[in-house]
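Below, chain A partners chain B and then partners chain C, in two separate complexes.
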Partner chain A sequence: MNKKPWPKSNPDVCIRCAACMAVCPVSRVTPLFPGPKQAGPGAERFRKTEDPSVDPWIDLCIGCHLCDLVCSSGVPISELNLIARAKYLDEKGRPLRDWLLTHSYLFSGIASFFSVITNFLLKNRAFKWIADAFLSIDRRRELPPYQSPTFRQWFRGHHSTGEKKIAYFYGCYINTNEMDVGKATVQVLEANNFEVILPPQECCGLPMLGNGNFKGARKMGLKNVPFLLKTIRSGVEIIFSSTSCGYMIRHDYSRLLNIPGSEEVAEHLFDLFEFLRNLRENGNLNTHFKEFPLKVAYFAPCHLRSLGIGLPALDILRLIPSLQIENIEADCCGLGGTFGFKKEKYDISQEIGKDLKAAINRLNPEIVLTDCEGCRMQIRHLTGLKVLHPIQILRDAWMR
Partner chain B sequence: MNLKTEVLIIGGGATGAGIARDLSLRRIPSLLIEKGDFLSGASGRNHGLLHSGGRYVVSDPEAARECIAENRILRKIAPHCIEETEGLFVSLPEDGLDFRDRFIQACEETTLPARLLSRDETLSLEPGLNPDLLSAVKVPDGAIDPFELVLANVKDAEAHGARCLLHTEITSLLVDGDRVKTVLAKDLLHGEEYLIEAAYIINATGAWADQLLKLAGLRTAMALSKGSMLITNQRLTHRVVNRCRPPSDGDIIVPNHTVSILGTTSIPLEDAENFEVTHREVSLLIRETSKMLPAIEETRFIRAYAGIRPLFQSGEKGDDRAISRGFVLIDHEKRDGIRNLITITGGKLVTYRLMAEKTSDLLCRKMGIDVSCTTHLNTLPGAEKPSGLKDRLKPLGKVEALCDCELVRREEVEEVLREGKLKDLQDILHRTRLAKGTCQGGFCVYRLLGMLNELGLTEGNPNKILKGFLEERWKGIRPVLWESAVKEEELIEGIYKGIFNL
Partner chain C sequence: MHYDLIIIGMGLSGLMAAKTAAEAGRKVLIVGKGMGCLTLFSNTIDVLGKIPETTRLRDGLSQWIQDHPEHPYSKVGLTRIEEGLSSFTSLFYPPYIFQTIGDGNCFIPTGAGTMRPTYLIPDTMVAGASGKEKKGLIVGFKGFRDFYAGYVAGPLNWRGIALPLPETPGQEISATALSRWMEKESFRKTIGQEIKKNLSGETCVGVPAILGINDPIKVKMDLEEKIGVGVFEIPTLPPSIPGMRIFNRFKEWLIRRGVNFLSGYSISKASLKGKRCEGVYIHHPPVSSFYSADRLILATGRFIGGGLVAGRERISDPIFNLPVRQPGSQEEWFGKSFFDEHPIHRMGILTDSSLRPIDETGEPILENVRVAGTILSGHHCVNEKSREGIEIATGYWAAKKAMEQ
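Right, the complex of A and B next:
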């Protein structure tokens, strides 16, 4: 008889080879997490939907997707983990802390408006002690300061012009905490003759999804996709500068959250440097760079690697004359979005970061570059160095 | 070496172990001899079905009555070996409803609790079942772990004075007049020979019954039948699923721990030692069982195996009229004039206790003593200990798993080793779930050998042991090797050949 092929999403296709065990940043540093092979396809054989979860260790999956990336059989390991984690957290209940960490978009506007007070509090030792004691947000972790005006407010007063239109999904963090990245993005796109528009947008929902809150994440996706669909259907493509937001919209919206229209959006959504690299390949990139003698190191975030587009920022930055740029050979910074802020996970997060820190120390750069805000926070925390988004360097290297 | 015992039990399957326990509780000394490990025959090679009796209720109500009675007793005395899953007898359109109506009628007559479920009720319980099904009848089937059950019987028997010798084969039965006077046996691992004097001898060798009797110049009218089964990588249903039609090939799916077992076939066999699962059987089992559960067509299998049932011509029903066709108890005194020899064979795992009780009763009558059976009243050792899949999953992250597929902890294996008496690798594998998962020991058995070596427990040449294991493993895997299982095999082969230079 003809044997039917096994479905690819099924843990049945796991061949137990343990390639994922070799890349998992968490199981490398702690025995508390059994590693992707065990936590994903292995444990699936023991889980029954009708039974309560008994695997609290599943909450230690940092969600980096490196396991999915290396799996020779295409098992979506981190998805299996996320689904199991969601079930565990749904049953156990989530602390107020997790709600706060994943709903910062609700109060970030006010936080920015009162940024002087907010930032005083966020740096205040007593405040951090309280956050540590009552919310289990680790006091050793710096809380990112808020900026005023926000990126959106700045853009309102900015008049963007260009021959073609491009839409920008900037994400929460750029809006209220690192608005210069947004500014640099707009400036680079304008230098390439694009008029930048900002489609209406909300938090992409990744923090919620990363905390196993499928319902909340889906709600955000359902809000965003219609705005983005409207944009692309008017013939305008969309770029993102945060690889995490980008991965969420391009991959998780359709695959995990089943949001109608998300596949169509994904086809027209590009990483900022992926977009610039396309321009360059078509001979349309403005490459009037000045000599830029600086020693920098570039770190590729996990979510960028999972996008499977290579390292476009590195490809573009290498066009800048005299810029000394090295790729940092290390996996996962260890922050994992909200993961590293949690008191019970802080030590694991730091331990994971050790390799990255050592790799940076070996390169001894003046500035570190990376596309993800989480990685930037973590690298600042680990090394004390100046850490920027690569677009900021690209802007600065332009001849004016 | 000379050994003396009141009763010599030959065969370490469920029946032999059950008899050892029964006799020990009646304070009758016994010695059990087994040529392999416990459960090396059919006891370790079945579905692990805790029969409700449903399978026999139409064709053999007497056997069904025995099953349901024993089913109830086992739930009480061996709760740790049983998963109370329930069972469904599913009617498909091609089966019609005539058999189902006879089935329900027969259940009523045998007092087997059965409840008719509508199509929708059935699918809400087991959403994976064929949506075209007509109805299902729910019965108290369950899953039973034969290894735990038999080893618990052994443990209880030993605690009450019984002795066991494993890896020891009977080489001759010396008949003197109307008695088997002495028995010769040989330790198969070390070659030591035993001369055993026993007042009574019980032949509980199952499919090997004739082979043993031949040593005394006797035989029964026994035929052998091979039944093949397939193991899936994941557990597919919560309940036992049977086809509601006269028993036939590929009509049952039994959940067991992390896996499901699909059964079975029935093929006449000449030789009890050399047999394998054929390609035709694999296809037949998949084709038939997937009619009940379509997902089987796309599921991964991790092993195929076969057990041998001893079958008896209808003329040979043993001497005891009280005994149904389910099993055969032969008093060789009445049949062949040998006063101290009894053969017990046939039957099912679920009736092992009853078989042991009837055998021990016959023995007591022959010995002229009057002690009654208590095996149905006393729980087996381990009954208080909880067990379940979640208990394996939970400690992950705190402890080292030696076998990553079945999450067998290192300590678990160390505990088994501490209990001692283990002579080969297979003995360890019988006592834990090690190597029973996806990779079938491909990745964990070398870890186990390393551990045995560390503890100084390896007897013989580890390379030879590993080769023996791999050959046996290959036999089970080869029939179900396609899709990504092939990749995994290549990887494992690469490790053994390329890295270990085997």
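Right, the complex of A and C next:
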């Protein structure tokens, strides 16, 4: 690690009001984690960079940001935790498993190409047993299947046209595992008269940052920002459909990773539905929807909440006639990116998920919608229901 | 984005204002730096705890209004206070509802073992209200450090016990974790049996206010069935689970009504033009977004949420820099001892009767801005035991007046 590996935050503004304790999904389900008040500002007062880390429970913070959103004193709690976790994991050393989970972008291309074989393996009980025994990737998790062609390959054969240009940061998962989300995004934007372009892009680096690997995450940011800068400087704005990638680029790149040029990128980077909502605000959204009688429930991912833009997908989907849509009253889904794949954390992840599952059951929807791929994976795992990105429903409301 | 009304602050006053405006079909944005103080102070709804025990609240309030012309209640007026309160209670549907005991204040046990006056209480606290006459057992839990049964029971001359928690011996447990456990049938079964074993002639059981977040009445009724006597909740140290239930209910209702609900972000700047505010900038580094509005309501509370900040010489509101009633220089802010009257508690923003901010001469400063909640001057809600009442009444009235404009 370089000399000043982690940014510094001030814990002393905490007034111990415990609002954060009311919302933390982890301390709600396990007494092993003392909760944001203690883990963040409380313990921070005793931490010194030169002393070794003493609290292994710091690794249980799922990084949902929910505590930050309720703290009236502006304590950057989840950031304090992330930095302390990074230090703890740097000292303790990370298992090979963590490397694999956070570097999937390196092999996802090959995995997609050989998707038939990879998917067979990923579903194979023996393979899962091996992954569980040797890598501590919990065997009860379904590993997401790969798709071929990838989104990028599909796009290459697609001819996008429109009056104005818009750039799309689609992220790894859409590219190799859920390409229909990418397709739907392109189709909706084209229906609104935008020509979609795909700037060169790499994994945003969030899986690494979430695992406290600042250096690795920064490397990804340093690769992406010049591509994105070039795009916006040519007068084209950028949208993202994954709220996690979006949050990472818009906020973490500058605040936590200090990547030159990231502030400029952030100004021109929008959540897909935020962008559509802006179009509507100016009267430019194509709202020729067909009747769409379907009962759906929408879940707002943690990273969407921390973007601080409200619930734009809900605002837009409510325009679709006869679509019955309810907001799911629950917090974090419990997956936390790679958190829920880890054997030692699987049970915590599932306990958190149970509350979400109960909230979904109360609404009894046909389909669940959410903007984050992690949440989609987790909700499928928890409920067995069909789970889509809201853009897929919006597309279907037009094209049926 | 443009809104009919932007509300700054997510405490009870801001939430009430948002509800009032959304009910009238307006496009509303509510933005708060955090979740407000509901989980900090509020378990029940105090309106005017200070009035004599047997006085009807209505009579007490109208006398108060006559005697305190500068008080927020006097600006709102008796009828509107009552309208606000019933608008609040209408948000809750059976079985978890708020109610009064008779037509005045009732007394509920506190975590410190005193009986405190309050007005509206949730159904989960009814069995403990005015409970001095009863004989109760107070149950705490080992490892839950925000509630000591002995403290509560002692002064009441009741009995207090602390039960060990199954599964986590020796570990500390938070109020939210305990609430979640309470929602599990198996946990209630174990706890219920334990409590029943420990009863010796008591006719009710008081527990910390952790009877679940989503369906506390079901939890309470099930426990009562298992124990055989009435069960009631007693407020604990923060975070307050009953306060969280109130917050969650507002949030759910407001989002369903299409209100844009932004928690976690502070206003970096208000854009002013003459005597109007055109909108606000919300800063989320590195991005700053502008939201415009026809009208705004400032409901940022006092010092805890940062609604007022104290400098060396003066106290100010960081968003609009409105005049704050200041009781002299800093030496005069505090009383000599902790329990003295501290003049700093009376500071707040000056407004006219329609809750518009005014200067010392009574001239309105911003015509499309109203002020609501504890940030207002002219009250001492801690002493008066009027916090939630002031928040509800002024939140309601500020939104009503704003929409008339």
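Rule of thumb we're sticking to: the second predicted complex is superposed on the first by the 389 of 400 C-alpha atoms of A that agree within 3 Å, B and C clash if a C-alpha of one lies under 4 Å from a C-alpha of the other, contacts with A are read in each partner's own complex, and residues count from 1 in each chain.
The definition used in the following text is that a residue touches a chain if its C-beta (ideal position, glycine included) is under 8 Å from a C-beta of that chain, and two chains touch if they have at least 3 such contacts.
These numbers come from a predicted model, not from an experiment.
**Q** Once the structures are superposed on A, label A:31 by its partner contacts, choosing first (chain B), second (chain C), both or neither.
**A** both
**Q** Using the superposition on chain A described above, determine whether A:319 touches chain B (first), chain C (second), both, or neither.
**A** After superposition on chain A, A:319 lies in contact with neither partner.
**Q** Determine, under the contact definition given at the top, whether A:191 touches first (chain B), second (chain C), both, or neither.
**A** neither
**Q** Tell me the contact category for A:329 with respect to chain B and chain C: first, second, both or neither.
**A** second
**Q** Now for A:72: first (chain B), second (chain C), both, or neither, which partner does it touch?
**A** In the superposition, A:72 touches chain B and chain C alike.
**Q** State whether A:19 touches chain B only (first), chain C only (second), both chains, or neither.
**A** second
**Q** So in the superposed three-chain picture, is A:251 touching just chain B, just chain C, both, or none of them (first/second/both/neither)?
**A** second
**Q** With both structures fitted on chain A, tell me whether chain B or chain C touches more of chain A's residues.
**A** Partner touching more chain A residues in the overlay: C.
**Q** Which parts of chain A are touched by chain B and by chain C alike?
**A** 15, 17-18, 31-32, 34, 72-73
**Q** Could you list, by residue number, the parts of chain C that touch chain A in their complex?
**A** 1-2, 29, 32-37, 39-40, 143, 168, 171-177, 180, 214, 237-241, 244, 248, 251-252, 255-256, 258, 260-266, 282, 284-287, 304-306
**Q** In the complex of these two chains, what residues of chain A are touching chain B?
**A** The touching residues are 1, 3-7, 10-18, 31-34, 37-39, 42-48, 50-51, 54-57, 60, 72-73.
**Q** Considering only the defined contacts, which chain B positions touch chain A in the complex?
**A** 233-235, 238, 258-259, 283, 286-287, 297-300, 389-394, 396-398, 400-401, 404-405, 407, 437-439, 442-443, 482-485, 487-488, 491
**Q** Okay, in this complex, where on chain A does chain C touch?
**A** It comes out as residues 15, 17-19, 21-24, 27-32, 34-35, 65, 68-74, 250-251, 254-255, 262-263, 266-267, 277-278, 281, 305-311, 314-315, 318, 326-327, 329, 355, 358.
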